[in-house]
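Same chain, two partners: subunit A is paired with subunit B first, then with subunit C.
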Partner chain A sequence: MSDFLIHVASIACIYGMLALSLNLQMGFTGLVNFGLIALFGCGIYGAALAHVMGWPLIAGLAAALVMAGLLGLFFARLGRRLSSDYWGIATLSIAEVIRITVMNESWTGGAQGISGLTLLFGDLRPWDGLARLGLFALALFATYLLCEKLVRSRFGLAMKLMREEPQLARALGHDINGIRARVMLISAAIAAVAGVLYAHYLTFVGPDQLVSADTFLIWSMVIVGGIANNRGVVVGAVLMQFAMAFVPFAKDLLGLPTDFVAAARLILVGGGILLFLLLKPQGLLPERVGAGK
Partner chain B sequence: MFQFFSDALLRAADLALIAVALSAVYSLIRFPNVALVQYAVVGAFLAISLQSAGLGLVAAAALSTLAVGALAVLFNLAIFERLLKVESSIALIGSLALSMILSAVFLLVYGPTAYRLQLPVLAPIRLMGVRLTTWQLWTLGLSVVVLALFALLLLRTRLGAEMRAVATNAPLAAATGIETRRVTNIVVFLSGMMAAIGGITLALRGSVSIDMGTNLLLPVFAAAILGGLGNALSAIVGAIVIALAETVITNTNLGPLMGEAVWFLPASYAPVASFAILVLFLLFRPRGLFVSEVTRV
Partner chain C sequence: MDNKLLSLAGVLALGALFHAVPAVAADEFTLGAIIPLSGASATTGEDQRRGIELAVKDVNAKGGVLGKPLKVIIEDSGGKPQTAIDAAKKLVSVDKVPLVIGEYSSGITIPLGQYLVQEGIPHINPASTSGLVRKIGATSHSMVGLDNVSTEFAARDVLGHGWKNVTILAMNNAFGQGVAEEFRKHFEAKGGKVLSTVMYTLGQPSYRRELQQIEAAKPDAYVFTAYGTEGALIMQEAFELGLQQEKPFYSILITMMNKDTPAEFKKGLIGMDVGYLGAGGESYRKDYEAAYKEGFLSAYGGYAHDAVEFAAAAINKAGSTDHAAVLKAIDELGKQGFDGATGEIKLDADRQRTSQPYLKFKVEGAKLVPYE
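Let's look at the complex of A and B:
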């Protein structure tokens, strides 16, 4: 049981990083990204690519950051001429194109994916699980500090101004395209690091990890936790991840059919988003308005 | 050659009904309702269930169409009207969430197996060297009739004029005495009906399973955006372009390009065609083929 809890907590840390990444885009800058999973995918496939080529882990991280950065810049470029709802659909489409391509090409391992990546801290058995959890928690904490510092800086004020009044931001001399590109680069880097850690934890990479349903899971974490509150979205990530992990136990306990697991997870994500949007749109921890300390 | 065009035409008819519905709703309430593709699945499943409960084919289809229209209005009143007060992108996220919940309901009620309508077997027809089943012709005819009726409604009736007035300038329309909320809900009702008919025509030609909605989502959006969201009838043109692109990309022999005699792209790449067109359009003509609107920031 404790192994299982360590596992769920480790995954929650990785999703916490993704939720922080989405929060920078959607929460603070108003960028409705439905293709976040593709940036994460750059991370996991960067690690997998390095594994196939026999490169060290650090080269995989570099490849992941480059790929995610390019994709993030492409997303930002698309955003220049699109209003947020069009951009949301465009990013969703690109994520799907990438997933279908990865699934059908042989150099990406196709539908079978790529397995046999090195396990982080694999030689520390039996303490490897705890060591990984420590590393992931550290990565999450570092990401949190970075995000907090960013949103409290002058640049963070510009991000929020762009979210609230884009025309005013432009009139005040802010370079909207520049802000968008920088936010996308930073959040793409966070997603890529999360992806590399994830790949070297599961030791397996495949197109099933690129499905858009996972993007919406991250969305539910941000909405439940509190849009534009960094602490809130981490809480949301932990809550949603644990809720998802305990669905199979509820199934066994109540003796329900296997379809129940998939359905209950869809309802958790969809229902969580809808209930919070309708009843508590500010989320569990609301955005702190004002200059802050 | 004619086989190619009939394939593309049938596909276009499938996409057009839902894309027109999506675009019509967008013109009034300014947010793209993702759940519309799921309404199509509800329509198909409901018709199948009603038929297996003993109703005739026509009665089952008609009843299911009306029920989905009512459901669309219900969701609009309970969810989207409230979310739209916040922001249109919030309503978009809400419609994605509703789609997920509907998927879960399909999974629990119908499970992952595919379902079919009980149809009498009719002899196929040969038309200019193309084999078409009678049901394919029926569904094509039905789609064309429904689209023509909607066009007539939009362009020739008082309600249509009110719809266009609300779409162009809602406060002004309200000031001239048009009940914008009533008009909106009528359009939402019609959009639900059109989505349901779209789902039922798919069920008339093949089987329906719970992932039908997800598979329709991006092609339908591509068609609607290509026509210019909010420009309902030009979504038909968008649907034809997307259907042609999907058919071309999977039916063209790319052998000469690849240095081989015969080389076809795998069929799973068909959706990539529509997404690629969508992304190119969003890059270069984000307002669609026919619209010239002021760029928003």
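Let's look at the complex of A and C:
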């Protein structure tokens, strides 16, 4: 049991980082990104390509950060011309274009993906699981501190102003395009780091990991946890991940057929988003208004 | 209030997890299986589930495993590596199964197998045919001949019909890409020529564009592979476009798509598939049709069936669930040969199935008939 819990907690940490990344964009800056999974994809494929080329892990991390940074800037550049809802649609389509390209190119391993990446702390068996969990938790904590510091700074105030009143922000002399670009860069870097860690945990990278359904899983974590509350989205990520992991046990306990698991997971994500949007739109931990400084 | 609610939810979720005792009675012997019961390959997954179900019945009729009735805990992979690994971690660390069977797509079987190898748990691959499966590691075994075996048979068969220039149509996933690439390799090594390869995206409302693309190359024959309803649509549209009337169609793993295709759209269709030969194959087919009132949904139920039978036999031979003993028994059984529904199963030094009985099939009416 403990191995399983360590595994679920490790994945929860990675999702926690992704939820924080989405929260910076969507929660604090009002950037409705439906293509978050593509930034994560830069992370996993950065690690995978480094593996194929025989580069060390750190080079994979660098490649991942560069790719995610470029994609983040591209997303931000699109935002100059598009209003937020159209921007959301554009990000979704770009993520799909990237997934389909990756699936059809031979240098990415195509649909077969790339396998055999080094497992983080593989030498530390049987303590490797705990070591990874420690590293992931540390990465999550560092990300949390970074996000907290960011949203409590002057720049954070500008982000929130941009979310609430972009015209006013512009009138007050804030550089809207600059804010968008910087937020996208930072959140892309977070997603890329999460991707590299994930790739070196699962040791396999493939286009199936870039499906848009995963973006919405992260959305559900942010919405359930509390939009624009960093602590909330981490709680949301942990809760959703444990809830998903619990489904197969519910199946065993109640003697339900195995297809129940897939259906129940979809209901958890879709139903979770819907329920919270309708009944508790601020999430479990609402945004703390006026708590800046 | 919010914090209370939150901690309550957290405590409930964790408590439930900790207390979740697997629904297995102490007097049952359990194995684990991970198959795609949802997602794009759910039909094949259902066929695998049926194969497992029939094997469990059969094993239990013969006295079970180590004196206990066998139960296979089936988990859904959702067609995603992450979900499959989650399921494997559950099976290994919570249900404590001594052996895991899975999955279907190579892209999932490989990371799944690698995880099981790291843990030292015996793994049986019941379906994935990518050449990369060979490299998974020391505790991983295949019940299925890899791509190179099936496509070589198909390449020889197609050339045997005198068709030297062909086009390939295959679905754009790990399986389809593997088949297209391996077929091309074997076909061209034997002197044939692949004029063009078209990969189609699954789940489209129409495949006319792809069909017109392969037609443009003017081949001697169209070689394709397709899953159930997709294959039916492709055959119907090929018929409507007049392609079928001009040039022959050759289906790799024809049982995957034959059942869903109406007779009028598959006149003259030929192809190859795994032969369900011998006493084991015949009785499996009969049991299947009696239990589910229809023919095989795919070619993969039989392998999943054999994976369970093989695992049960190996564990009985080992006399315990000790990993080393089970692995040794699998090794011996693989050398000595085991009669399954898919013919005799022998494993090579890389723990992969060495040979496999393939058959040539042709369509007569709605039915598939093997021929020589």
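Convention: the second predicted complex is superposed on the first by the 290 of 293 C-alpha atoms of A that agree within 3 Å, B and C clash if a C-alpha of one lies under 4 Å from a C-alpha of the other, contacts with A are read in each partner's own complex, and residues count from 1 in each chain.
What we mean here is this: a contact is a pair of C-beta atoms (placed from the backbone, for glycine too) under 8 Å apart; a residue touches a chain by one contact, two chains touch by 3 or more.
Here the structure is a predicted model, which is why all the values come from computation and not from measurement.
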Partner chain in contact with A:104 - subunit B first, subunit C second, else both or neither: both
First (subunit B), second (subunit C), both or neither touched by A:115: second
Partner chain(s) touched by A:81 [first = subunit B, second = subunit C, both, neither]: first
Partner chain in contact with A:178 - subunit B first, subunit C second, else both or neither: neither
Touching partner for A:245 - first (subunit B), second (subunit C), both, neither: second
Touched partner set for A:253, first subunit B, second subunit C, both or neither: second
Touching partner for A:206 - first (subunit B), second (subunit C), both, neither: second
First, second, both or neither for A:56, with subunit B first and subunit C second: neither
Common interface residues of subunit A - those touching subunit B in one complex and subunit C in the other: 103-104, 259, 262-263
List of subunit B residues in touch with subunit A within their complex: 31-32, 79, 82-83, 86, 88-90, 92-94, 96-101, 103-105, 107-108, 111-112, 218, 221-222, 225, 229, 266, 268-269, 271-272, 275-276, 278-279, 282-283, 286, 295-297
Parts of subunit A lying in touch with subunit B, wherever the complex brings them together: 30, 32, 34, 77-78, 81-86, 88-90, 92-94, 96-97, 100-101, 103-104, 166-167, 170, 176, 213, 216, 219-220, 223, 259-260, 262-264, 266-267, 269-274, 277-278, 281
Footprint of subunit A on subunit C - complex, ascending: 2-3, 5-6, 9-10, 13-14, 16-18, 20-24, 37-39, 49, 73-76, 78-82, 85-87, 89-90, 92-94, 106-108, 110-111, 114-115, 118, 130, 132, 135, 172-174, 176-178, 199
Residue ranges of subunit A touching subunit C (in the complex, touch as defined): 1-5, 7-8, 11, 103-104, 110-113, 115-116, 119, 122, 125, 202-204, 206, 208-209, 211, 235, 238-239, 242-246, 248-250, 252-253, 255, 258-259, 261-263, 265, 284-286
